[in-house]
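The structure follows.
First chain written, first letter: the chains are A, B, C and D, and each begins at residue 1.
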Amino acid sequence: MKRARIAILGASGYTGAELVRLLLDHSRAEIVALTGESKAGLSMGEVYPHLAPYNLPKLVKIEELDWSGFELAFCALPHGTTQNVIKTALAANSNLKIVDLSADFRLHDVEAYARWYGQAHQAPALQAEAVYGLTELYRRDIKKARLVANPGCYTTASILPLVPLLKKRIIAHDPIVVDAKSGVTGAGRAAKESSLFTEVAEGFHAYGVGHHRHMSELDQEFSKAADREVLASFTPHLLPINRGILATIYVNLRKGKTIEDTHATLASAYRGEDFVKVLPLGQLPSTRHVRGSNLCLIGLTKDRQKGRIILVSALDNLVKGASGQAVQNMNLMLDYDESLGLTQAPLFP
Amino acid sequence: MKRARIAILGASGYTGAELVRLLLDHSRAEIVALTGESKAGLSMGEVYPHLAPYNLPKLVKIEELDWSGFELAFCALPHGTTQNVIKTALAANSNLKIVDLSADFRLHDVEAYARWYGQAHQAPALQAEAVYGLTELYRRDIKKARLVANPGCYTTASILPLVPLLKKRIIAHDPIVVDAKSGVTGAGRAAKESSLFTEVAEGFHAYGVGHHRHMSELDQEFSKAADREVLASFTPHLLPINRGILATIYVNLRKGKTIEDTHATLASAYRGEDFVKVLPLGQLPSTRHVRGSNLCLIGLTKDRQKGRIILVSALDNLVKGASGQAVQNMNLMLDYDESLGLTQAPLFP
Amino acid sequence: MKRARIAILGASGYTGAELVRLLLDHSRAEIVALTGESKAGLSMGEVYPHLAPYNLPKLVKIEELDWSGFELAFCALPHGTTQNVIKTALAANSNLKIVDLSADFRLHDVEAYARWYGQAHQAPALQAEAVYGLTELYRRDIKKARLVANPGCYTTASILPLVPLLKKRIIAHDPIVVDAKSGVTGAGRAAKESSLFTEVAEGFHAYGVGHHRHMSELDQEFSKAADREVLASFTPHLLPINRGILATIYVNLRKGKTIEDTHATLASAYRGEDFVKVLPLGQLPSTRHVRGSNLCLIGLTKDRQKGRIILVSALDNLVKGASGQAVQNMNLMLDYDESLGLTQAPLFP
Amino acid sequence: MKRARIAILGASGYTGAELVRLLLDHSRAEIVALTGESKAGLSMGEVYPHLAPYNLPKLVKIEELDWSGFELAFCALPHGTTQNVIKTALAANSNLKIVDLSADFRLHDVEAYARWYGQAHQAPALQAEAVYGLTELYRRDIKKARLVANPGCYTTASILPLVPLLKKRIIAHDPIVVDAKSGVTGAGRAAKESSLFTEVAEGFHAYGVGHHRHMSELDQEFSKAADREVLASFTPHLLPINRGILATIYVNLRKGKTIEDTHATLASAYRGEDFVKVLPLGQLPSTRHVRGSNLCLIGLTKDRQKGRIILVSALDNLVKGASGQAVQNMNLMLDYDESLGLTQAPLFP
């Protein structure tokens, strides 16, 4: 069967390497180009020894790419620079399809982008064109899109349990508390003191409280679903694990709604989905039960306060929270089976 | 200087071993008896090799104890059996002082005890006599007490930041969300599948949602402080670390109150305390910064929703959350300097 | 394409669950029966929540199996009981193929078995028939075998680097020091104090020094390769990780042999192999670069003492060290492509 | 009681912070100066939040120090720069006592220094004066020394079990295999990719094989003890833990010597020592049983090959492997009780 020619920009980061891992096991994709600015000239095996056994192109600089040489590119580059790279790419090859894993095209509102990211957007026309790549919510648009903005990891973990409940008016739009915990891969491979083993292992702390950029995506999607402004409380924490996000979410039911309504709404929203699973009422997920897979598990239970419920979602931040969802979107954009190459069961223990 | 003769009941558990660690470095305490029902006859070094280099009494059964042979006993036994042991002990030696680390004497209300622990209390008179051992709150009573009920670890981490704010009417009594995370030592040394390395490492999950027994202590202390019934939402989670509790707490300010009032109230409540430290506004603690020490650190920051704040507390569940606070109480009961033997700085990294 | 009907005996252990994970992604295998004595009646999802999203048979007791209902069975049962189960199985269905992951059929010598395992073998005829399942060494026999004895994890990590060197007389048969380190999954899912998170995390120790049962396999295979008795020094250690074995091996070159000879011998022995990779001279492997994969990586380097070299091998004890090699053997026995279902790249980080 | 005035140079590194932790609990030491070139101007609490609760001097640059302001300085600076700093310090205050934790004064042979460290020594006269700070071996000289060269962590773990056996001619001088494993704090606080949590957790590997600089110290001390050249095989590995070194050591007995002789020799060498403990024959230590303490535990057992034995030593690389031994040396140099401030029991779990 024909394989689509694929480029991965920013292959020297963890989400880039994870894209490689997933595509190596994908029957309809062929990796033809890998970029890594500071590692250009090296083989993937030199940058990531776990990929040494595989036959992969060398890392090059973006400027060395021939944009006509592939049908789809994954962009796993820092926000800010991404928008110019994509503008250039689409100017060079207007048929190119792109899944962007940066934050550059996630916000529809250019003012929100400028406010949260501290600079004016350099490609507002593309920003208007981009489709938000939360696959289960925007499947239809993604199928037709040229540019998909893959959501953030915290965002995916929060949107999947809450958007159906806001849309169907099951829960109140306020207060919503999202207490989220992430593994260290979320911080990337940059050599920072705060990411050292010695600064992370045998410990736990909150960070970015009150001003984490993923909030802007939550605001956009929650407000759209509720059809009014929604501002959730959101606290990210750093777990001493490599992979995994767990979000514990506290919400109030709207008058007359029950936890059974909540469960039924979620179960119905995700019936037949390959990757989003709603657990039986009262059962809660663990990050270790999704490791390495594209699954997002959602559980919910009563709070002891009447009218309140607690939802818990779990996913692997590098898979459903990043590269797995990116491949899921690629599958739609290339008209493949949506789950192709994503059926690996979780790695436990 | 004279050393008080001390017994530790339940020395084969982690809180028991931690009491030994702390008392070995205490200039006014001498460990004269150690019990461990299933390990009776063994030396401490056989049960805990890290204690092999120290000169310690052998483990015996409780029935072998001579209750007149020591001035103070720590009880680190399972709840339920504890109350009978203590009744017996005080009947045999009415001058004995006891710090109980179980849950048996924490609840003043016998009905609450029966409801949460599933059995009628066997020593209601002692339950009435017992002083709740949250040292910073009940110091005066602890000094005069014969029986101190040492608080739970989650409870200490929640009470220290919230009780002063409820008392001074800074925050609303509802909603209060306590999203708490604990290291694995909290589960004790029992050989359970759920505590295996392979079931805990590289993962994270919530447990006991909606019905954890520490809630009963929170209810008692929060309601007392607020002078009305308070029911906090409380979710415990299991961290893949040995030691440490971090509680992330979401509260609403009462009308007219500010985050500066909140900070000032906490700073004033704990001014001069050796072990409870309120961080500068906006700074949040980490569990790794209290490891092995008797410290509880409290930080707070604004939520982006007006009128809401986020508090974070951190302590070592085996020290300030259990054995350290027990020694702190012992110091008061024996009229020692309150911080004696508890001044070790945290072990980081 | 037709899928072979497969049973997994002992599916409630970690190697059983790992077989399920691998076979779920195998295009020519269908899991039709799962056994678990103490968990019989439960679904796999109840025993292993990470497998809940998949459609799998319920766990039953071995006595409930219809031996004619499948073409191949994996036995992941404790040693000792295994031999009787397999005797029964083959008596009921003499066409059945079996890959046994226990130690029961690994030793060809019944006296060695009795000595190391403390009991006489109950099925000596089958023991004589069984083929040792170190795939790269015994591929031809495995293809024709009815009963394959899958090697131990430490053994695979030691045999792969050393047997070609002993066979080709590159290294001396004595001394050989194998300093081996394993992740905790090697201890299985039994609830033992020594496997608790709190007893393993943030620590490291040697165990079973001088009398680990995997030595008996080493003795058999090393002696066979060298054509004389070989007794390696072997020390296993427990790593605070879930998966992975790393063996650091100290050997002496035979007179006239060089490290280049050593490297060339290994490179030639494993040329074209899908799962055994010899790294460039001087480069050494890490367990994290094989996690979740069926790879075994081998590196070697000069010691500073003339005539001595250090070899390091790494594999995932649950995959190439157990269930992955078992599937590799199944593929041969069922005349499939040897790497079918085993091509997943390592999961890093 | 009078406290000696102490400076810590390089207090922003882990061994510097560990010196602070130990001296905070030391009744005869007062920290009067802390340096940290890149962190000058910050408080210790800003650099190490776990030390924020303590009253400590601000970090300054070395050039700001008044060398006459303290009686003893700990140097925890990089090798190479250290020798000039110490030369300057002793020129300014010839009564100053110095414990140097770098490698600059450990080798008595200036040529060996040049060969291993790639540069000529800048202070050969001081190198000749310096005493090697392996306390148990050189106690008498340390008491009188002005400049003590504190040994490396791997070195301490290897020298303590082997030097008495080489001295007493119990074991052969060749072959000696030291397979050593260290926690990540050994790599310091520098922000390097290889020290990231994601590159270390859930994995294990060897490094620096064949050319680790601690070998030069082993060569010096082993050769001195054996009175002939000794070249041990030495392989360091990186453990995914914060603290701890475990060395597994393979040696041959000399003709006529037994394991009982070996045990008796070690037991006699360390009889009465506070910090070096020889375990009963056959019992082996774990790193978790020394965490945070100044202990070194030594165990030994028979190999199954006649005439060979396996020794295992364990210590905390930041304590007995660095800062704890430095304080032990300080105690001797200031004529204090050798164990003052070092009696904390290990922190387990």
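Assume a residue touches a chain if its C-beta (ideal position, glycine included) is under 8 Å from a C-beta of that chain, and two chains touch if they have at least 3 such contacts.
This one's a predicted model, so the numbers in the text were calculated from it and none came from an experiment.
Relative to subunit C, the most remote chain by averaged C-alpha coordinates is B.
Computed from the mean C-alpha positions, the centre of subunit A lies at a distance of 40 Å from the centre of subunit B.
One inter-chain figure worth recording: subunit A and subunit D are separated by 46 Å, centre to centre, where each centre is the mean of the chain's CA atoms. The set of subunit C residues touching two or more other chains comprises 14, 185, 198-199, 201-202, 240-243, 285-286, 288-289, 291, 349.
Chain contacts here are complete: no pair of chains fails to touch.
Those residues of subunit B that touch subunit C in the shared complex are 14, 184-185, 187, 189, 191-193, 195-202, 240-242. Within the complex formed with subunit C, the residues of subunit A that make contact are 14, 17, 20-21, 24-25, 48-54, 185, 201-202, 242-243, 277, 279, 285-286, 288-293, 295, 343-349. On the side of subunit A, the complex with subunit B involves touching residues 174-175, 177, 179, 181, 198-199, 201-207, 209-211, 215, 231, 233, 235, 237, 239-244, 246, 248, 250, 284-289, 291, 301-305, 308, 310, 312, 314, 349.
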